[in-house]
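Let me begin by handing over the structure; questions about it come next.
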Amino acid sequence: MPYGPHTTADRAKMLGALGLTSVDQLFDDIPVALRASRLDLPDPEPELELAARLTALAARNRTDLASFLGAGVYRHWSPPAVDQILLRGEWYTAYTPYQPEISQGTLQSIYEYESLLAELVGLDVVSASHYDGAAATAEAGLMTCRATRRERVLVSRSVHPHYRETLRTYFSGGLELEEIPLVAVGEAAGTTDLAALERMLAERDRPVAGVIAAQPDFLGLLEPMPAIGERAHAAGALFVAVIEPVGLAVLAPPGAYGADIAAGEGQPLGIAPQYGGPYLGILASTDALVRQIPGRLVGMTTDLDGQRAFVMTMRAREQDIRRDKAASNICTNQALLALAASVYLATIGPHGLRDVAALGASRAAELEAALGGAGAPRIHPGPYLNEFAIRVPEPHATHRRLLDRGILAGLVLADAEPGDPSLADGLLVCATEMTTAPEIERFAEALGEVLGGRPPTAVEAGAGSDRGSVAGSVR
Amino acid sequence: MVPTDLHYTKDHEWVRVEGDEATVGITAYAADQLGDIVFVELPDVGRSLDQFATFGVVESVKAVSDLFAPVSGAVVEANAALAGQPELVNSEPYEGGWMVRLRLADAGQLDELLDPVAYDALISAG
Amino acid sequence: MSVTGTRLQPTIFERGRPGRGGGKIPHPPKDALDRIPAAARRTTPPALPEMNEPDVVRHYVNLSQLNYAVDTGFYPLGSCTMKFNPKLNEWAARLPGFANLHPLAPDTAAQGTLQMLFELEGALAEISGMRAVTLQPAAGAQGELTGILMIRAYHRAHGGTDRDQVLVPDSSHGTNPATASMAGYTTVTIPSAADGGIDLDAFRAELGPRTAAVMITNPSTLGLFEARIGELLDAVHDVGALAYMDGANLNAILGRFKPGEAGFDVMHFNVHKTFSTPHGGGGPGAGPVGVGETLLPYLPTPRVLREPDGAFRLERTGERPSSIGRLRSFAGNTGVLVRAYAYIRAHGASGLREVSDDAVLAANYLKSRLASTYDIPYDRPCKHEFVASATTIKKRTGVRTLDIAKRLIDYGYHPPTIYFPLIVDEGMLIEPTETESIETLDAFADALIAIAAEAEATPELVTGAPHTAPVRRLDEASAARHPNLRWRPMRGAETPCPD
C-alpha cells in the first residue's frame, strides 16, 4: 500500500495485542455467503508510472483551442496566489470546522466569504456555499416553497438549461415547476415574456411560491429584472435572481432590484473549469429568510475571554440535528472553493473585478463586430454583457469545421435547447478578459472560410490541434 | 419542586389555566436539558390546534425539539418577546418564557395531564 | 502538531486600504460599458477590500495556521475517514489538460477526461459489486438524493405509488432521513438492537406495502458490520421495497464485502472518505452512486458512454427518457474524481484490500488500548472505527465527553466525532484510518488515558480546556441568538472607480 506506515512487525504487534494471528479474523463477522468475490482491478501502479498515465490522459484533452465557449463556465485569469494558497495542507486537508478552537482559519475565511459575497449581491445572508449554480438554484426554489408554504415555482426559460433540469429533479418529490416562455420577436426577443408571466401569476387557485430569472440570462441577454421582481411580489411570490458574480461588478446587484434570493455559479471567481467541477454554489437571501436558507452559516462571536472568534451557527436547522425536518440534506459545503473565491476577490480587488467585467464586455463587442462581418449576425437585438448568440448555417457542421481549425466556436444551441426552433441555427459565444484580439481575428477569418464554403485544406484539417500551423496556413 | 399551580405533560410542557385560556410553555427541566435556547418558532394567531399536534419548535445550540399542544384550542397570542430574547425560556421558563396562549376548546382535556406531584416524580426518576 | 501560539487575524475588510492593489488586469477602454443600459448598471461599486498581493498572501497563510489538518496531525474524526491525501493527486488534478477543460467542450476534445471517468465508473462498480455507476452527484448527500429519487422512479414505473415510507435505523447519519424528506417520503426510524446492530424484528414490524426503501449504513455508524444484513435484505425485497446502502463506511470492507453482490440495490460512495480526496475544510467532495440491474434505467443524466469504435461520449439531453434527470450542472466534480481515480490506480486490487485490513486492524488495536479506561458500549471486533464512551468518567467526576475532546486539543490532537451516533451516551466515535503509524496510535491512546486520570485528579483542567488553542471555548448561544453573519464595511472609505 503506497501511503501506509505499517511494517510487518507493526501488524504483528497489533495482532498480538488483540490475541489474533491473522487480520482475516477481524472480518469473521461477515457471513460467509456474503463475502466478496475477488476484486478484479489492475495491479498497484508505482507513482512514476501512474504520473505518466495521468499525463497522457490529460494530454488527450484539447485545451489548446482558441475558446469562445462560456454557457455558464468562464475562462478568467486566476492570479497564481489563489491556487498557491489553496495548496496549503492546513486548508485542503482539514474538514468541517466542528471544533472551532482549532478551526479559526476555515471559520474566518468562510465568514469573510459570506461578507464578500454579501457585498457583491447586495443581500445580507450568504450561505457558506452549495455544490454549484444549478444545485444552489434548486435549493433557492425549494426555499421559496418553504417560506411561502406554496408549491408552485415559475422559472424563466432563459435560465441555464442545466439549472432548469436540476430544478425539475429536485421538484420531482411533489412540487410544481413551470417554465415562463420567452419573447419571440422584437427588441426584447429572447428575454422573459412579462405578459406570459403575469398570466401565470394570475391563476388564483394555483398560487406561486417563487419566480426565478437570470441576469445575464443563458443567452447572454440582460433581463428586465426589476419588472420581473415587481410582478412576483405583487402576486405574493418571492423573487430569485440567478447571478454571475463577475458581472455583478458592473450590473445591478439582486439586492438593488428587490430580489429575495440570489443563486449562481461561483466558478468565474478564480476557479478552473475542470470539466464540470468542483465549483461553488452561491446562495444568498434577505435577512427575513435567514431561517429558510439551507446549508452552513458561520457567524462572529466571542470566546470565554471575550476575544473575537468565529463559529458555525444556527446549526439546529441542519440535517445532523433536525434529521427528517431539516431544510435540506446538504451536509457540508464547498469550503475550499469559497476560499478560492475569497482569495480571488481579495487579490483582484473591487477595481480589478470591474476591469475583468468591462474588458470582457469590450472584447465581446469586438467579437460581435468581427463575426457579423464574417457573415454571422446576432440572433437577438437586446443588450448583453459578454455573451451572445449568433446565427450560422448548419451549426453542427460549422462548429466542427471551426474545431478542425483550432477554434472552439462556443456552444451549439440546438444541443442545449433542442426544443426551441428559434435557436436551431444558433451558436452561443462569449469573450472574457482572456480573449485576445488575434484570437478574435482568427475566429472571424476561419468562420469566413467555413461560411464561404471553401473546404479546409489538408494542412488545416490535419493540423487542427496546432495553433501555429493553423495560423501559418491562414497566412 | 415544580410550580404547584400548573398542569404538565410527559413532553415537559406546562399549562396555566386562567378562565377559558391556557398559557403553554416548557418546564425548567426541559429548558435545562436542551441547554441554551437560541430560537423558538411559534404559530400564527388564530390557528386551531388539536391536542398533541405540533405547534412549533424550540432550538438550542445543538438540539431541536418539537412543541406539542397539551390541549386543543385556537391560538390567541404567541409570545413575541421570544423572537428577540429566546434566552427567556432558560431564565424564566414559567413567566417571561411562555410560548402560546390558547382558547381552551375542551377543559376536560386538562384531566388527562399530569399534576405537579406526578410530573415531579417523572423528572426525578430521570 | 497542535495549533498554538498563533495570533488571530484581522478580517480582510480591516486590512484593506483604499488605493492598494491593482496590476492584475489590463484597463478596459473607457466606453466598454456604454452598451449596457443605465437601468441594468450597478450604481455603487461593491465595498470589497483593496489589498496588495503580499498582504493577501500573508493574511491567508496566517489564517491557515489557525487550522488543524491531516497534514499537521492525527485527525481521528469518526465517520469522516481523515486519511492522508496523496500529493500526486493534487498534482494530477492541476494538469492543464484536466484543469482547463471546459465542461461543454465537444466529446472529441474531451477524450482523456471521458476515458478517466469511464474507467473510474468501472472500478467503482467492481469494488461495490454494482452493475453501473454514475459520477454526477456532487457529494454523498446528493448521492443519497440521487438514489432515493431513482427508487421513487422505479416504484412509479411499477405501480408502487402508495409506497410513501423510508425506513432508517436510529443510528443513521442525519442525511438519510433528511434525504427521504427531500424526495417526498416519510421517515420511519427503527431502533437499534441491544448489540448495536439491526433489530430485524423491529424492521419486519414496519416493512410492508407502504415501504419504498430502507437505508442502511454498513458497517454501521457504530463501526460494526451488520451481520444480519442478508436476512434484512431478503425481508426488504419480499415486500417489494428496495435497499439503499450508505457507503460512508466503505473504507472498512474493500475487497471483503461487495454491497451489490449481497443484494443492495443502490449505494453511494464518499470519495473524500474511502478514496482519499481532500476534505477541503468542508468540501468539495463527490458522491458517485452505484446501482444494480433494477435501477439501471433511472440513472441520472449524462452517463459516460463508449462507442463501438472505442471513442467516449457524454449522453445527450433527452437521450434516455427513463432517467431521473440531472442533479447538478455538467458531468460531475471531475476535478475531485481524477484524484479518486489516481488513488484507485495507485493501490490496485491488493492495495485497496490492504487499506481496509490496516484500517480495521488499527481501529481494533486502538480500541484495545482504551478498553480499560473508557466504556466500550459494543465490545466486539469493530471495523474501521469504534465508539468509546465517557459515561463512567462523567458519573465519577462530572467530566463529559465534550471536555475530554477539548482537552485532546491541548495534547495536540483533533478530537474524535462526539455525541454521534445519537444513540450512545457520552459517545466518541474514533476512526484512526490506515495511514497512521502504530507510534501515533499509541501516543493518542496514552493521551486519552492521561486525560481520564486528569478527570479524577484535576477535573477543572479538563473542563476548562482547551488551554493552548488560539481561542478558548466560544459563546455559541449568542452567535445563534443574535447572528452576525457578515462584516459591515465602513461606507465611504473606498475610492471611486478609476474611470
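Letters are used for the chains, namely A, B and C, taken in the order the chains are written, and counting of residues starts over at 1 for each.
One rule holds for everything that comes next: contacts are C-beta pairs under 8 Å (C-beta built on N, C-alpha and C of every residue); 3 or more make two chains touch, one makes a residue touch a chain.
Quick caveat, the model's predicted, so the values are computed rather than measured.
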- Chain pair showing more contacts of the two, A-C and A-B: A-C
- Message: Centre to centre, using CA atoms, which chain is the farthest one from chain C?
- Response: B
- Message: Using Cα averages as centroids, what's the distance between chain B and chain C in whole Å?
- Response: 38
- Item | Length of the line joining the C-alpha centres of chain A and chain C, rounded to whole Å | 20
- chain A and chain B have mean C-alpha positions lying a whole-number Å distance apart equal to 46
- Note on the structure: Multi-chain touching residues of chain A, meaning two or more other chains, are 314-316, 321-322, 325
- Note on the structure: Touching two or more other chains in chain B are residues 38-39, 59, 61-62
- Task: Would you please write down the residue numbers of chain C that are in contact with two or more other chains?
- Result: 476, 480
- Where on chain B is chain C touching in the complex? 35-36, 38-39, 59, 61-62, 86-87
- Partner chain B, residues of chain C touching it in the complex: 419, 476-477, 480-481
- Footprint of chain A on chain B - complex, ascending: 38-39, 41, 57, 59-64
- Item | Contact set on chain A toward chain B in their complex | 291, 314-317, 321-322, 325
